């Protein structure tokens, strides 16, 4: 059984055909089979070069090369270099052994998958009969034997999601700790004393974010009332608040 | 007449998966070119008479302008018996949800289960207790002292869990069960 | 033997309604007192042989530890024609490989599957869980306590197997693996 083939046609070059692999082990198995050798006798240097060549072609074709392929590329290089080095005394183990064992296991997985595919093929056209008898209740029932913990946790998630939909969390209102009126008076006092007051630095250094917001509203209110003007030389620079000389109309201050 | 038998078998296979009544026209269309309507009607008669013989629990009936396979009325008692038997080996969606709430929130009271599920779950909880998946474990010391429910030892055995801490976490469910939207 | 024929008809009616495989135990329970297991098995054989005759589009099959009525594969074309788009989606090569690992190594964890296949298989496992071919069966008591997966009853039905022992043996699989290595 050959892996499915993907054809990619370039505008100038002849079309390149590269099999689709299920992972690095699948690619390695393919290369070993092309060499017509047993996996127990892999010509590692040649296979290593062909593996890297295959990765290069995959990249050329813009196929996504998963990280697992690179891990095996590095491993193959390591085995290749170990084989080139003289063996130490007492070191009997073939550096290829672990790779060979994994390939052998994977070969079995592929054979088992082919067996399953064969079984499924025999089942084509075999459908369960559905007689015109309504189930006792309209509800879907699950065979207890196949109900697993995942089904259970999924059911909980469904319950919680439905609960949240039916009981949306109510909006939490913070108690009012700062009033705009209080901050207007405070700011007015500050600009009267300093003439050119660095508003932005003041806002950014408040420990409480709610206080900064209230202060900003107060600064805007002061300008609306004509008691102060704000200016900034360039974007993000300091904003200065200066008094216009108009007194604060105390009666216009609502109890905000 | 092997040809008629073949056509009859095909007709029966289609009726067996259809569930609802199938019109002769639809059967003629499925039979393909060169098969006449009269021939399909002969095949239906073949299927009908085959099931009239002793030992068949099935019959072919003509309803709502079409043909369908149905069980013989003599076996209604046996069917009810079977459906009852099957129900004991199955969990309804409601039972699964209730079991999930008890498993993850135990010990938990019926009002708490009802609140989370949004429906009264007393009958479902009773079924779960009868099936030994859930047990009573005392009373909650609040107004009304409601019963507390928790999962049983059988529950752990059925789900292959060493203890309750082995239940999947929300992260694991996200990773493996994926989005429920994927399902049709 | 009118009595056996009557029991066979009842068995057939139950199987027709069940759709899913029914165990002999369930059929014995439904048959009521005084009906022995051997007699029910005789009745099943009666139903099976009756459907082997010409003109039947359905057959009795032994899958997932029980018996069920299913259509004969000969009529795949007609069923596809009639059911149209409702045909089952096919399993990808990745799904078959992952299923093979789970079927032969069960219960098995995701890291073990990843190691054997050489690629991360979480998305494939998710698909198999969604298609109900695979279920979780507890946790492995190792570092990280990963979830354990096994094949489901639906898996046996899908592949037409009476039970897991009906899978090709590891020796048979090994032989195939050896053969495919010789001829590339």
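To keep things simple, chains are lettered A, B and C as they appear, and every chain counts its residues starting from 1.
By definition in this document, a residue touches a chain if its C-beta (ideal position, glycine included) is under 8 Å from a C-beta of that chain, and two chains touch if they have at least 3 such contacts.
The model shown is predicted, which means the values in this text are computed figures rather than measured ones.
Using the stated contact rule, I'd like to know whether A-B or A-C comes out ahead in C-beta pair count.
Here the pair linked by more C-beta pairs in contact is A-C.
Using C-alpha centres only, name the chain that sits farthest from chain C.
A
Nearest whole angstrom, what separates the Cα centre of chain B from the Cα centre of chain C?
Centre separation, chain B to chain C: 17 Å.
Using Cα averages as centroids, what's the distance between chain A and chain C in whole Å?
Those two chain centres are 37 Å apart.
What are the residues of chain B that contact at least two other chains?
Only 16-18, 58, 69, 71, 79, 83, 86, 159-161, 168, 172, 176-177 qualify.
Provide the list of chain A residues touching at least two other chains, using ranges where the numbers run on.
In chain A, the residues touching two or more other chains are 127-131, 133, 143, 145, 148-151.
In the complex of these two chains, what residues of chain C are touching chain A?
Against chain A, the touching part of chain C is residues 16-17, 19-20, 58, 61, 68-77, 79-80, 83, 90-91, 93-94, 96-97, 99-101, 103-104, 116-120, 129, 132, 135-138, 147, 152-154, 157-161, 167-168, 170, 172-174, 176-177, 180-181, 184.
Which of the residues in chain C end up touching chain B in this complex?
Residues of chain C touching chain B: 2, 4-6, 8-14, 16-18, 22, 26, 29-32, 46-47, 50, 54-58, 69, 71-72, 74-75, 78-79, 81-83, 107, 122, 125-126, 129-130, 136-139, 141, 145, 147-148.
Tell me, which parts of chain A touch chain C in their complex?
It is residues 1, 3-4, 22-26, 33-34, 36, 38-39, 66, 68, 72, 102, 104-117, 119-120, 122-131, 133, 143, 145-146, 148-151 of chain A that touch chain C.
Which chain A residues qualify as touching chain B in the complex?
Interface residues on the chain A side: 127-133, 135-137, 139-145, 147-160, 162-163, 166.
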